[in-house]
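Order of writing sets the chain letters: A, B, C, D, E and F. Residues in each chain are counted from 1.
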Amino acid sequence: MSRHDGRTVDQLRPISVQRGFTNTSAASVLIQAGDTMVLCTASVQNSVPPWRMPRNEGETAQGWVTAEYNMLPGSTTPRKQRDRSKVDGRTTEIQRLIGRSLRAAVDFGVLGEHTITIDCDVLQADGGTRTLSVTGGFIALCEAVHSLGISGTVIKDSVAAISVGVVNGTPVLDLDYPEDSTAEVDMNVIMTGSGKFIEVQGTAEGEPFDFETLQAQLALAKSGIEQLTDIQKNSLAEAWPF
Amino acid sequence: MSRHDGRTVDQLRPISVQRGFTNTSAASVLIQAGDTMVLCTASVQNSVPPWRMPRNEGETAQGWVTAEYNMLPGSTTPRKQRDRSKVDGRTTEIQRLIGRSLRAAVDFGVLGEHTITIDCDVLQADGGTRTLSVTGGFIALCEAVHSLGISGTVIKDSVAAISVGVVNGTPVLDLDYPEDSTAEVDMNVIMTGSGKFIEVQGTAEGEPFDFETLQAQLALAKSGIEQLTDIQKNSLAEAWPF
Amino acid sequence: MSRHDGRTVDQLRPISVQRGFTNTSAASVLIQAGDTMVLCTASVQNSVPPWRMPRNEGETAQGWVTAEYNMLPGSTTPRKQRDRSKVDGRTTEIQRLIGRSLRAAVDFGVLGEHTITIDCDVLQADGGTRTLSVTGGFIALCEAVHSLGISGTVIKDSVAAISVGVVNGTPVLDLDYPEDSTAEVDMNVIMTGSGKFIEVQGTAEGEPFDFETLQAQLALAKSGIEQLTDIQKNSLAEAWPF
Amino acid sequence: MSRHDGRTVDQLRPISVQRGFTNTSAASVLIQAGDTMVLCTASVQNSVPPWRMPRNEGETAQGWVTAEYNMLPGSTTPRKQRDRSKVDGRTTEIQRLIGRSLRAAVDFGVLGEHTITIDCDVLQADGGTRTLSVTGGFIALCEAVHSLGISGTVIKDSVAAISVGVVNGTPVLDLDYPEDSTAEVDMNVIMTGSGKFIEVQGTAEGEPFDFETLQAQLALAKSGIEQLTDIQKNSLAEAWPF
Amino acid sequence: MSRHDGRTVDQLRPISVQRGFTNTSAASVLIQAGDTMVLCTASVQNSVPPWRMPRNEGETAQGWVTAEYNMLPGSTTPRKQRDRSKVDGRTTEIQRLIGRSLRAAVDFGVLGEHTITIDCDVLQADGGTRTLSVTGGFIALCEAVHSLGISGTVIKDSVAAISVGVVNGTPVLDLDYPEDSTAEVDMNVIMTGSGKFIEVQGTAEGEPFDFETLQAQLALAKSGIEQLTDIQKNSLAEAWPF
Amino acid sequence: MSRHDGRTVDQLRPISVQRGFTNTSAASVLIQAGDTMVLCTASVQNSVPPWRMPRNEGETAQGWVTAEYNMLPGSTTPRKQRDRSKVDGRTTEIQRLIGRSLRAAVDFGVLGEHTITIDCDVLQADGGTRTLSVTGGFIALCEAVHSLGISGTVIKDSVAAISVGVVNGTPVLDLDYPEDSTAEVDMNVIMTGSGKFIEVQGTAEGEPFDFETLQAQLALAKSGIEQLTDIQKNSLAEAWPF
């Protein structure tokens, strides 16, 4: 099968990562995958929510990591309205997924009394914004943690995410918008650099799918995550936590 | 491994289904799995949202199915506060999942100009409320469709859902609350009666999980879904759509 | 006059009370009057709002009782929309009435540092939901208080409520929905088991009513309350506070 | 019994009515009862809500009357916060009562395609704001109707309201704030000029009250309403509808 | 040029000020300029927001002054809807302007631990409501400060505000509604009694305006402010702070 | 006086403009002034709000231009919370100012049935975000209009904005954040390329300011606007409307 942009079924879109895009937060990463562009910033607060504070003497505070996701109005046509009176369901789902995924990487006892907020603002949307937010958000998280100069291993493993799906009956890796909007199955896979699953979310958009199709998609995802992990490592360089 | 309530790893909790629990909506199903109890009602409206109406001459309206999920305050201790000024993220996620899953079963062209709203109100919560809502919601949906007396096949396949997870290192079927709150992996699987996947959502609550663990859970889910499909069929009797 | 369902003007609908309908809150009562069905649960918190705390040394905390009322979407046709962004005026009025009525029965000094929340969720609506909520809510309140094992008399008197009205020119007791929707006068009376008034609310829906009509309705209400008090007593058995 | 301000138990506070206080709406009435001061304005719109429009040929539109109630922040000490993100329960209850009461006076078929909104803004609060709003709101309503020059009887009867209560064991008429805040029973009575009841709302604030106390309060209310009707008539002069 | 109401280009509308219009707040001023009528009340609280409290030993609390602005529904035709679920942009802008302007007059160290809230409720609107709110709000502020009996100079200078604009090509002072709605330039100037600027806001409603037009308007404003300062002084009499 | 960054009092920060930063909207401009960075996108809709539609035969639709302003959470430290349940007052004020200023440039009769929304999202904030939004927003507006290929002059004049203020007693041009936060006067001036005023907003942050200081600031602003107009012209090149 040939894809509309000439990629093979197991080929990622070109990825670029620019660290330090802005200088007003602890970390700022502009990440692109093809035409999808997300600005991931990390802000650090030297406090934690009350339920992360120690309850008994001798205990220490547990750190916290949370995420917010947002599409800028100009990131798509027709213009996306801002969520100014309430947050829509899709946004809520996505930012909960990002936060949950990044938290899987963190040793909160070592992080201690710090809250890190990862903001993923989509500047340009062409499919795969939630998975690119996880992948870029992990880079911002590492840089912010690095800047804190904590001794001990805060980050336990790396985290990356990729979409897979079934387009015209064929499982493919890293769907762009034209593929995503016609896919029969849409699946997001979040894995660690060591090859384990953090989250698997697969949805039949049209017809329900069978067991073999599920397996083929998981295999594609695994190969994509490996490539993304290398890109994260190269980008973070001295801030790579391992 | 022995489970805290004596079940084997692949054993469902006892399920009971009471159709016609109330008489004010098109369908009303009280479904219980162990101590989890959900009231699923189906309301029918003889109209559809504007975007389901025909755009060109000769076309007909596409029906619509949507779902809402809610936990009653007394369904848990401590009391759950009502979502009266905004809906919390978890509720939004769950009701989107229920709606998406049930829509996978429906031929909307045959349903025509009807909107069916499935309300899943949790009266008592002991784990697995979202999957039981899908399983019970499907029964209410079938009964409501049956009552419309539409000729043609509105319901294309049956839909049921079950949770699986990893508790103390062992994959188990149909987690209750004590299991759910200590599970290392939490997974919800929605399948058709014909054995295909509609949705797979697996999350590592603690440590990321490996490929074999994923496969073991999928196998448990498959067996659970088969049993639930039988229960749905028996309960619906003459209203079973196949 | 013969009523549409064959009752005499001073006859209540058949009442049934099921204690322990659910097991997740301190008390759970499913109460039915004809086709109206309300689930009343009582949740207990071992704290009180700040303004109930003692202000001077030597004083003790005053307990608190509050109520919430809600109609489930499937409790009526057409489906009732959920109050998810704001609570509608009718709901607010009703739950304030329920809370006020139940508080009239309580000695808050004896209750001490406990907040009891009575949730009245209407599962099926056929008129008289607010008065049935008071009557059933009182049973849930007593059971919750009983479970606390407080020595001393927390409950000072019993509380029950009933609707009366004028239908086709005749005062009648306990209106169902068809009667309620055509009634010229609609009146809710809340009384103690000892025959005193807690609240009287009468509204001319059509023509204003005269003094004699008011008196006739009050007499019907008194007789209805007496019957409801007996039902409450029988239902509560050992938990009846007197 | 002597009241704290020297009034007899059946004496109203001094009432003053100023028509035309402002000139930007169809009617504007500044009404005072002792230190309670309410500005009642009536705004007219030449349209009605969709559900008041004729459904069948040959029918005509039914008019509509609605009311809003508000306390200005400076109307009380400590300052009352504005209802800017949601309306509090008490406000909702009161404005529903005002609207319901005034609608009882109107023949909507004769009013035709007009919506009249009565705004009751409390400038100074010293008890009895809701009943004074009804009494003053009726004057504004009549003036607005008069200005429309409709032939036929739009206003069927006059409407006035008064509070009664039990203070230190004695039933009294027209409670001011110091009385209201210590009353054992608080009752609002809305009646027509012809002596019939539109609404009766009595609440035991402390101990439940008996039948005789209820009767005594109703008698006081009747006498108060008669005086208020005379005041309305004198104030409206040529705009008095009968 | 002759203005539609016969005023000269540099003539204010007749101003009247009534102190003590209501008695429930620390100060209450009914101010009118032609047909525009605003009720300005000042409420005092013996506390300040957390960020005004002393941070280091030896420091004292800084007082606070804030303002709210609101148009009553009946203050204009067609009726203005109440801001009950959110505050509209214009209202927000205006009340921020009023607060900022009045704060420019206050020595917060001398005011100490008091918060004064100035509420400006427009009873009748005919143009210039925001500037009249500042001018009347200053009178209420002075009266409230006076009533506190603080030794030392809380009020550093007087504050008044006036609108200027360009109507039919000519700069004019104190626009009423008919002028305001056709003005090419609309400008609000807030100045001290000593002739200095607190705020200048000029907006081209139609064509952009040149430097000379700006100067002419500033000169008109200066003369208007001088007259308003005299009126404030006469009205406040013994409460005038200088 | 020397400024903290070495600029002269009448010197702008270095400005850079990147057109086509993203490709998902009709125009996308990344504009920077020193460390302040704003992404201005323009989205076009082929419809207008109802009140811009023709009312009489023979008339044509009037176009519309509106603007929204937002600071990204990572644009400042500490992190700025998102406006997700309500928009804060400052944001409302700023976006109203941007919209008003850009509309002054447009001939809406020529624009016809198009709505252009200018979104100004601040990626990095170091003072002057609102004026840079106007200056960059105008570039995006011109590019969007250019892309519509309308014959006739839609843009009547160019629009740019700059801040001036008084820092340490000296009037200066284009304040950055350290200057802005200590300025005695803060002023925003919006002018056309032809040297006329669209909006002047000056606020005394500390002491009120005199007439001469106002004049000095206006002169600085005029010179700044001239430079910005040149930058806009160079940036837009073939899309410059004159």
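Please note the rule applied: contacts are C-beta pairs under 8 Å (C-beta built on N, C-alpha and C of every residue); 3 or more make two chains touch, one makes a residue touch a chain.
None of the values given here were measured: they were computed from a predicted structure.
J.: Going only through chains that touch each other, what is the minimum step count from chain E to chain F?
T.: Minimum step count, chain E to chain F: 1.
J.: Return the chain pair with more inter-chain C-beta contacts, choosing between A-B and B-C.
T.: B-C
J.: From chain E, which chain is the farthest off, judged by mean CA positions?
T.: In terms of C-alpha centroids, the chain at the greatest distance from chain E is B.
J.: Between chain A and chain D, what distance separates the C-alpha centroids? Give it in angstrom.
T.: Each chain reduced to its C-alpha mean, chain A and chain D end up 60 Å apart.
J.: Averaging only over C-alpha atoms, locate the centres of chain C and chain D and give their separation in whole Å.
T.: 28
J.: Need the CA-centroid distance for the pair chain A / chain C, whole Å please.
T.: 51
J.: Do you know which chain E residues sit against two or more other chains?
T.: 85-86
J.: From chain A, heading first to chain B, list each chain in turn around the ring.
T.: Ring order, starting at chain A and heading to chain B first: A, B, C, D, E, F.
J.: Write out the stretch or stretches of chain C touching chain B in their complex.
T.: Against chain B, the touching part of chain C is residues 21-26, 28, 35, 37, 39, 41-43, 45, 68, 70, 72-79, 82-87, 117, 119, 121, 123-126.
J.: For a test of understanding, state which residues of chain C touch chain D in their complex under the given definition.
T.: For this pair, the touching residues of chain C are 86, 89, 92-93, 96, 100, 104, 157, 191-192, 194-204, 207-211, 214, 218.
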